[in-house]
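Dropping the structures in below, format is structure tokens.
Common to both upcoming complexes is chain A, partnered first by chain B, then by chain C.
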Partner chain A sequence: MVINQTEQKESMLKRSWWLILLIIAFLIAPLVMSKFYLTILCEALVMSLFALSFNLLFGYMGQLSFGQAAFYGLGGYVVAMLTTKLQFNFWLSLAAGAGGAGLVGLIVGYFCVRLRGIYFAVLTLAFGQLIFVIIFKWHDFTGGDDGIQGVFPPEYLRSIEAYYYLIFFVCAISAFILWRIVNSPFGQTLKAMRENPERTEFLGIHIARYQLIAFVIAAAFAGLAGAVWVPFYRSVAPSYLTWIKSGEPVMAAILGGPNIFFGPILGMFIMTFVHSYILGFTHFWPVIMGTIILIIIFLLPGGILEFAKVKITERREKANIAKGQT
Partner chain B sequence: MSFDVLFNQFMSGIARASLLFLVASGLSLTFGVLRVLNFAHGSLYMLGAFVTYTIWKTLLIPVVGFYVATFLGALVMGGVGIIIEFFLLRRLYARGWPEQLLATYAIVLIITDIVKWGWGGEFLSIPRPKPFTGAVLLFGFPFPSYNFFIILLGLTVVIFLWWLIYKTRFGDIIRAAAHDREMVSALGIPIPWLFTWIFVLGSLIAGLSGAVTAPFGSIALGMDVEIIVECFAVVVIGGMGSLPGTLLGSLIVGQVYAFGIMFKPELALAFIFMVMAAVLIVRPWGIFGRPER
Partner chain C sequence: MLLQTQSITKEFGKLRAVNQVSLDIHKGDIHAIIGPNGAGKSTYFNLITGYHPATFGKVLFKDKEITHLPAYTRCTLGITRSFQITSIYPKFTVYESVLMALLSHRKVTLKFFSSANKFFKEKVWNILEDVELANQANTLGDSISHGDKKRLELAITLGTEPELLLLDEPTCGMSPEETESTMALIQKLSTERGITILFTEHDMSVVFGIAKRISVLHQGTLIADGSPQAVRASEEVQKVYLGGTA
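Our next item is the complex of A and B:
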């Protein structure tokens, strides 16, 4: 068993060379990329973190949240209000954005984890819309449909390049933490609950409590994504909390593959770059997004990475058979 | 606060509940039998309103123009329902519910853009039809008589659905299929055929309810999300897939909305969700709902 583990670790190092290459690529990106593409890259990174937070619930816990954008938007609003109205410290505001979203996640999650499947989806959607409506209608406090403009990061983070590095480090560290979470005993328990809730309960595991913890973690990371995005975009608006926004991580997860950790990230990168390309000649983005969803559902069940994984294993098996024959 | 004000508010709550029931009943019916939660139900409602407006505008029949257009608009939406069920949903029944949900979500996005492209972003309306043009005095307060039309229509649909589900052979099949799909299929009843008709019926009711909102002067982009979220509250409170539950849920949400608006307009929707949360603490599956099997 011990030998097996060290072996696994070695093979993991061997297999993770591409991750190191990827990190280097991200670090030198500002030196070689135009400002336009760097901006899109920033958006793709932030949205990837958002998608990862969603996939903790969907891919690992097995529950589809259709209100994740509420936490993303809340994180953004907390930062916007703290920095513009109270001139609060920027770094503390980021933390407050994640914390605030996590706190609301605790309240919303308390009700949602009582339900499963489609009921969970509807309830998260309903609560997401409730938070959206409160922010949208409470004009005196949140600015209503005007949103909040003029959210600036501190002087040394004003340039796109500097802020890109902030986004990259926040997202990379968050992704690492989430990766550790899903591979910890806690993550294994989440997966067990996904596969067979009754049996897991018989093992003495309090399902609702575990799901609530996962829900709060997901809400906090979604809030962090929103919190780090808003000062870059310089403004926040209620549209950040709509169900259209909640649908984006769902789609990214389905596109990339919800059963693989990096699936939602790949999905979000594809979506963000396709989006910015399409906006060049048409404003009818939703119809294209809808068509893409239908194409994936019908042609690529399980997502791109799952499809690739199946193909690679098939090829390996074929190769093994060929080896066995000679 | 005097009785007449409260009564007036109560009556507008009933009218609101009636409209909510019209939309939510189709949603609940589809879910009860197909076990597919149709996110696009609100979009069918919105599209129904726009289609009815266009039919009304092109025909311009005097006096009964609105009723004719409403009837035709509902039929058109039934046709759209056939297309959606036959080409999309039918191919997804064997898959998990997340894919079905996502497919209906894709339809939401597509219909939104179709409406944006076809009708633009302006507010449209149809004048109130005779004999519901004026207002009736209720204890000295003017109450739009068109609201009575909505209430009457809601009652008609309640009775029609009750008759259909509990008094006909088709209704027996519907209830049996909601309970045990495989058994019904084993008895020689073609399930795909049943699903198509249920979805068409749901779409038809969605189109009808969209059409009758036209005289309120509120056909616009975004009306789909506005209504669908309240409808989700209705079915979550009442219990998804239950007709009596939908009726009770509509009445609760309608009244909470009507009195919430009087109390604090900005938070009227928030009150609805507070009631929903309260119901869920006591009964997680809704008042008339069954736990998921």
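Our next item is the complex of A and C:
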């Protein structure tokens, strides 16, 4: 048993070498990257956290939320309003952004988790648009279509490099927490609900309750992503809450692979970097993105990482068979 | 008495699928509900487990009324079921499927940060060995044979450590050999784990070989209830059921 555990730990180290390399790469990125690409890396990281929060519902719970941007935007608005209007502490504002989004998630989720499938998707879309319209129209309170400008982080975080590290740590820690959650008994329950809700209910699980908890967690992390982004961008606008923004994590998850934890992150990185690269010579970004999505859906239906995983498993099996023969 | 239904009735529009069925299920029994197709067996199961709300009548479990409790609560009280159309987790391994039942039953599903795989290892293997699926523990649910899927569903229900286990046609679609081994398994579960078993079946030889008590439903109504000998001797049963098909 003891040997088994050490073996397990060793094999885990072998399997996660790439993650360690990746973390090192992220840590030295500001030293080697231009400010332009560092800014895009910041955006990719924040959007990855947004996509991970969405994928807790989509990939793990099996429900498509089409209103996730509402929570992302709310997180941003909470930070913007607290820091500009009340001169609130920056760190507490970040926490309030996540908490505020989670709280609204509790109210919206209360209604949405009663439904499944397309009805869930449409209701989340409806709530998302409702929250968008409230913020868009309530000019006196939210700034309406002007949004809120002049959202500054504290002095020591004003440089791109310093803020990059903040974003990296917030995203890395959040990703770690979400990773623990999807592998926990609670995560297993979400997957069971996705696989067979009826069977799961007849094992004693109150489906709506678990869906609501997941919904609130997803809303809070989406809120945190928005909260950490807005002071970097120095402003927030109602466009953060639109259904178009809600579509981004959907596409990222499909691109990278919703059934693999890191899938949406890969998807978001591809989307963000390809987007900034293509904008250099054409405005027809949606056409190109649409084409990429089409190719993925038809050729790699489980997403890029799922495809890679299948190929790697096949190769390993072949290698094992070859080993067995010699 | 473990479970009691009092005049339990279910109407779907004008159709009365289950008509005032009053029945006692005794602790430790293997109790069969038989009847031709459309007799109301599955609907009766659905009323006991909370899949359908009853139109009227009562369900009592250990002398407490559970008629209006939701399905998941009834499960936590100790009533678990299998479905006529096998209901498993196609993309879970056999091991994970049984683990899920234990996680739920032992109330650890609200743990957010510990790894699910470290829980209840011994217990999961114990169940898998009992149902002879241990050698397929790492196979996905949808990659095993039909008979094994039925056994997997049984293993999942055992994970909830039920007092009363309802099996809806547990041998449906099985070969004679599989049927025999499944029935032997059910017998074993009843004697070794002391689980009370209520099952529906249409194969007469299966029922009379194992059941301690048999109840016969016909067009939603209970027409006979008693020992296998008494049921076999009942004229009404012979008229509506055994005479025609057995």
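Criterion: the second predicted complex is superposed on the first by the 313 of 326 C-alpha atoms of A that agree within 3 Å, B and C clash if a C-alpha of one lies under 4 Å from a C-alpha of the other, contacts with A are read in each partner's own complex, and residues count from 1 in each chain.
FYI, contacts are C-beta pairs under 8 Å (C-beta built on N, C-alpha and C of every residue); 3 or more make two chains touch, one makes a residue touch a chain.
Since the model is a prediction, treat every value here as computed from it, not as a measurement.
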Q | First, second, both or neither for A:119, with chain B first and chain C second | A | first
Q) Now for A:129: first (chain B), second (chain C), both, or neither, which partner does it touch? A) first
Q | chain B versus chain C as contact partner of A:287, first or second or both or neither | A | first
Q.
Quick check on the superposed pair: does A:210 touch chain B, chain C, both, or neither? Answer first, second, both or neither.
A. second
Q) Which of the two partners, first being chain B and second being chain C, lies in contact with A:137: first, second, both, or neither? A) first
Q.
With both complexes overlaid on chain A, does A:270 touch chain B (first), chain C (second), both or neither?
A. neither
Q: Count the residues of chain A touched by chain B and by chain C, then name the partner with the higher count.
A: B
Q. For A:111, is the partner it touches chain B (first), chain C (second), both, or none of the two (neither)?
A. first
Q: Would you sort A:191 into first (chain B), second (chain C), both or neither based on which partner it touches?
A: second
Q. Once the shared chain is lined up, is A:250 touching chain B (first), chain C (second), both, or neither of them?
A. first
Q) Intersection of chain A residues contacting chain B with those contacting chain C? A) none
Q) Of all residues in chain C, which touch chain A in the complex? A) 49, 51, 70-73, 75-76, 80-81, 83, 87-92, 96, 99-101, 103-105, 108-117, 119, 156, 159-160
Q) Which chain A residues qualify as touching chain C in the complex? A) 177, 180-181, 183-189, 191-192, 195-196, 198-207, 210, 213
Q. Tell me, which parts of chain B touch chain A in their complex?
A. 37, 88, 91-92, 95, 97-99, 101-103, 105-110, 112-114, 116-117, 225, 229, 232-233, 235-236, 240, 266-267, 269-270, 273, 276-277, 280-281, 284-285, 292
(Q) Which residues of chain A touch chain B once you look at their complex with the stated criterion? (A) 58, 64, 66, 111, 114-119, 121-123, 125-127, 129-130, 133-134, 137-139, 242-244, 247, 250-251, 254, 284, 286-287, 289-291, 293-294, 297-298, 301
